[in-house]
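Letters A, B, C, D, E and F name the chains as they come in the text, with residue numbers starting at 1 for each one.
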Amino acid sequence: MPTVITECPRVAPTLAERFLAFGVATVHEAQGRVGLMHAGLKPIYRPAHIAGSAVTCTVAPGDNWTIHVAVEQCQPGDILVVTPTSPCEDGYFGDLLAVSLQSRGVRGLIIAAGVRDTATLTEMKFPVWSNAIFAQGTVKETLGDVNLPMVCAGALVHPGDLIVADDDGVVVVPRASAERVLENCLARETKEAKTRARLAAGELGLDIYGMRSRLQEKGLVYRAARDVA
Amino acid sequence: MPTVITECPRVAPTLAERFLAFGVATVHEAQGRVGLMHAGLKPIYRPAHIAGSAVTCTVAPGDNWTIHVAVEQCQPGDILVVTPTSPCEDGYFGDLLAVSLQSRGVRGLIIAAGVRDTATLTEMKFPVWSNAIFAQGTVKETLGDVNLPMVCAGALVHPGDLIVADDDGVVVVPRASAERVLENCLARETKEAKTRARLAAGELGLDIYGMRSRLQEKGLVYRAARDVA
Amino acid sequence: MPTVITECPRVAPTLAERFLAFGVATVHEAQGRVGLMHAGLKPIYRPAHIAGSAVTCTVAPGDNWTIHVAVEQCQPGDILVVTPTSPCEDGYFGDLLAVSLQSRGVRGLIIAAGVRDTATLTEMKFPVWSNAIFAQGTVKETLGDVNLPMVCAGALVHPGDLIVADDDGVVVVPRASAERVLENCLARETKEAKTRARLAAGELGLDIYGMRSRLQEKGLVYRAARDVA
Amino acid sequence: MPTVITECPRVAPTLAERFLAFGVATVHEAQGRVGLMHAGLKPIYRPAHIAGSAVTCTVAPGDNWTIHVAVEQCQPGDILVVTPTSPCEDGYFGDLLAVSLQSRGVRGLIIAAGVRDTATLTEMKFPVWSNAIFAQGTVKETLGDVNLPMVCAGALVHPGDLIVADDDGVVVVPRASAERVLENCLARETKEAKTRARLAAGELGLDIYGMRSRLQEKGLVYRAARDVA
Amino acid sequence: MPTVITECPRVAPTLAERFLAFGVATVHEAQGRVGLMHAGLKPIYRPAHIAGSAVTCTVAPGDNWTIHVAVEQCQPGDILVVTPTSPCEDGYFGDLLAVSLQSRGVRGLIIAAGVRDTATLTEMKFPVWSNAIFAQGTVKETLGDVNLPMVCAGALVHPGDLIVADDDGVVVVPRASAERVLENCLARETKEAKTRARLAAGELGLDIYGMRSRLQEKGLVYRAARDVA
Amino acid sequence: MPTVITECPRVAPTLAERFLAFGVATVHEAQGRVGLMHAGLKPIYRPAHIAGSAVTCTVAPGDNWTIHVAVEQCQPGDILVVTPTSPCEDGYFGDLLAVSLQSRGVRGLIIAAGVRDTATLTEMKFPVWSNAIFAQGTVKETLGDVNLPMVCAGALVHPGDLIVADDDGVVVVPRASAERVLENCLARETKEAKTRARLAAGELGLDIYGMRSRLQEKGLVYRAARDVA
């Protein structure tokens, strides 16, 4: 029975925006290296960087009907996250749907399938992460669900979870963990800024991270090229 | 016996140019969702958008000899369409061939194989849709055919058919259908402009397309989250 | 036993720089069409074009520890070349490692695996050719080797070999052949410049390359379309 | 912090065994077409068909240490389900681990990665569904988790969930739904047996399923070939 | 408008059967190396070898409704050939449809998509060539066409064309060419039998095919290892 | 300049045969986890297991001419190893070439490309490891090299190196290391036999391999399910 869950709780938009100070790689590390979507999801233009609350949506293969249903559930600050119930590279999403989402304040689209009208989407500055770019259109015959938990590109997403996406990929932060993960990001960034300065000054990671004794334990051998040949 | 067909009839260049007002997604829809090449064909730079008459060419794997033969058959307004007789990602085409085609008024290349010298092709603004970018060169030992009907990236192409290509893919319009498809494109565009305005004003597709009753027929259920948990 | 070879001989930086006058396709042809890495390696931004001496490095899947070891072996004018011991798309390399390499005068990275922080790497103008862009991080538990001969993306690389990389791919020139290959490149370029001028003037490759007699030998048949239908 | 959850509740082995009367396609339909793992998971030999309770296990790329930890948590009637934290085709599992699992009454292995020693596993009649067969070994340096919920090949698996696997794929049935899904399977099978007999007797699905009126509504047109040409 | 063409002319079943004396590789060569489907189509069991007349059928992604329509058009000696209008690996076809086709004397299925119930299909000895094996089911909402010309796995198929399929792949022989291609097969086989005997006696292909002079023309050099090191 | 090296030194056939006591996974471990070809190489039938000396051969894409040249260089106990100069899935090798190799005592073929006539090859019991099975034939126009060092499926192979292949993959053992690697295999096997007996008796790898203290160091936590929920 196709179902729409309405009025889902979300991450506060102001909290979500603070994540824009960090790349996906940093957020992923800061929450313990979980929640990353597959590497196959690519932004249609670079650079792109968004953070917001997930509205989840499943679609039948070659059928984008449920996306029209999901649009109505979207609020300012949301990110629409779409996954087909079986793999499909068709162009589910084009410029008309983007106009509609943009008019509602939606920040972008994550879709484990194809999109089209990408030149127009790029001009509109509506960011999309997708598996494919393909002009092949879709029908409107079969319904999926909106705002049920789902697996998208290998990651579990609940409605209202925080999504962060940039040129390196897409990460899901469970709603309840968002504040804690933000603190971890801030702490990492402070530490990395210091490290970056030392590396730029020519210091070696081997020394900064104190790796030399562990290398020795592992039995690493250094030999000069002239002694080998 | 390798064969070249000369002096093939074409779509009039002025007719072809009128298609530049439409994306491939629109043309594909307007001719009944047929004739699209596989999603694997990608432009070497974006944005790119061309329309013109096909000169068809088959090549042996790893052998670009027949492309040299095909160049001679190209006229202003043509698009060269190349397919290998078995899958091959070699760089069949580079800047010298592009210079030659450009000097003859050719609008671009569609090739279900690889190309190279892509930085130069991009500077030259010579658009290419290909399966791969690869510096690996080719030999000149085996001949294919020029201007016979062929299957390229899953679509049947006759010489003189209209080709339209943009960032979303490549579509083939049979020569005899080109005028009718253009009319359909114009009609779709008029309709979509109105819809776009309504969506931009915040109306929902569910309402514009009158989808709600069908949703109901399908038994769509809306439930509030607070009633679910 | 994990091993680092130090003080490897290199191609002279001034010799390497002279290769920047040529694309990878030209260098590949000029050394007899060998030494090209697989087409799957792509630059994270375009255009990009570097030439330098290889520092080679193998890494365990999902483990970038050895890259930290390799950094210390890098000198101005080097290019770091990394390959995992089994296929892995994780993000082995990010902005901190790039800062460290850039502070040592390294020209870029070739990695048959994934990278991350690509928006920052692009801003920094640190060029990378990789199989993937992926935020997934790595651990530091298992050591590989630095500056042993290795196969990267299907090509054999010895430490100190010349690497040339551009938008079309990556080619390896054995250190001992670098001078000879450069001469071949120069000779090809002189010849191609003349050909380019003739093609731009509208001459046909069929005539410039004297192909017509060979086409005749192969039995190529020309027929006018009006005589076929 | 790597974690092992012990003494997880399971589906009763006798309940699991009753699922062996049904193929994965039937179970998948019977629970509403959800819970199917990706098509990339293949059995190492055919035919193979198992049903049992999941012990879940995440592993680092190229590192099978956690599988050794998971073995101890397995009981008779269990199926071990393993997923790497990033994609990896290495051979995580071979004949020694299979001997160990078989001695504990484990029914098979589902692994979204590679296995090896497959000739021996086939002789032993220890069924495995995997993404790859590859002799490349793994290390024992990094720990994952045992019996935490995880995503395997696109499906969410909780420890103790029912797994059914056959030549067509792998499906997950949540522990709490197992009895209800079994009833649906039985009902479907009874119905299909009757249909099979009618089809074998030459009746058409179009008639048995009463499809003709819907075909007419959709505007399906029948034309004789002789009237078309 | 979805369309079914009825009463299509076919290759005579007795002519089709004579092709079973030849492998697909031989038939492909004998008709001039055209008409081969992509390498991605694989038999669900080996060995398998069939020849018969094509009934063609297009299906929407994830929707097998049209296959039910096509069944009624099948006659003894036919082979059903199915292609989705955009790429889809769902299991379009299972044991019930196979029972129905087998009861009508159909020799097998070629499908550029997925199938399921493969253990049962194998037991039934109903051969299928497919892109995928996957338990994911399909819906019945959207209609395609039956017995229109179509492109399947890169090859153009007209209804009534001869299909030959074996462990190496699938080839299409246009109906009008079937007799001539059969004669070529017979001639090739006679010649190959003699060659096979000579090779089995230890003669070299280089001598049998008289290749030595062309090798010399190409400048092939033989050097002893002792003269190289 | 295409080149054939003749009379290459080999691994003694009696030494090669002793490797048949071990799987590829064992040999790979025993020589320090190097020399494995990519996972994409699959045997055309299972089980299959061979060991012998490499005759190396490069071929142009879609051109098997050089294989005919290589046949002459093969001796009893050899394994022919073929790699195309750019990726190609055509059927380079069929039953005639297999008859010829078998008549010379060759043990099998490793080819990083396609083969055909696989039903006949299986009947003949001529084992082949390949990237693809495809009926598409090849031409004889361009020459490669025989018995030069080459990279095949990511591994460096010198003529005369030992090749071991089984259902899990293909491994290359440098000729000079063959005796030492055999000794390591024997030592591993002795040790594994004991371990296998203990595992079959129900002992845990955690205890046999003494892993428990290292698990504790890594901070592994055990929690009962009832204390978690």
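One rule holds for everything that comes next: contacts are C-beta pairs under 8 Å (C-beta built on N, C-alpha and C of every residue); 3 or more make two chains touch, one makes a residue touch a chain.
Since we're looking at a predicted model, the values are computed, not measured.
For the pair subunit D and subunit E, chains touching both partners: A, F.
Averaged C-alpha coordinates put the centre of subunit C at 42 Å from the centre of subunit D. Subunit E has its Cα centroid 40 Å from the Cα centroid of subunit C.
Centre-to-centre, using mean CA coordinates, subunit A is 30 Å away from subunit B.
Shared contact sites, meaning residues of subunit C that touch two or more other chains, fall at 33, 39, 85, 87, 89, 134, 136. Chain-to-chain contact here is organised irregularly, matching neither a line nor a ring nor a star, and falling short of all pairs touching.
Touching chain pairs in this entry, ordered by label, are A-B, A-C, A-D, A-E, B-C, B-E, B-F, C-D, C-F, D-E, D-F, E-F.
Those residues of subunit F that touch subunit D in the complex are listed here as 23-25, 28-29, 33, 36, 39, 42, 46-47, 49, 166-169, 171, 192, 195-196, 199-202, 204-206, 209, 211, 215, 218-226, 228.
Against subunit E, in their complex, subunit F makes its touches with residues 1-9, 65, 68-69, 71-72, 89, 91, 94-97, 99-100, 103-104, 114, 116-120, 122, 132-137, 140, 143, 147, 159.
Residues 33-34, 38-39, 85, 87, 151, 154-156 of subunit A are the ones that touch subunit D when the two sit in their complex.
Residue ranges on subunit D touching subunit C, taken from their complex, read 60-63, 85-90, 134, 136, 139, 141-142.
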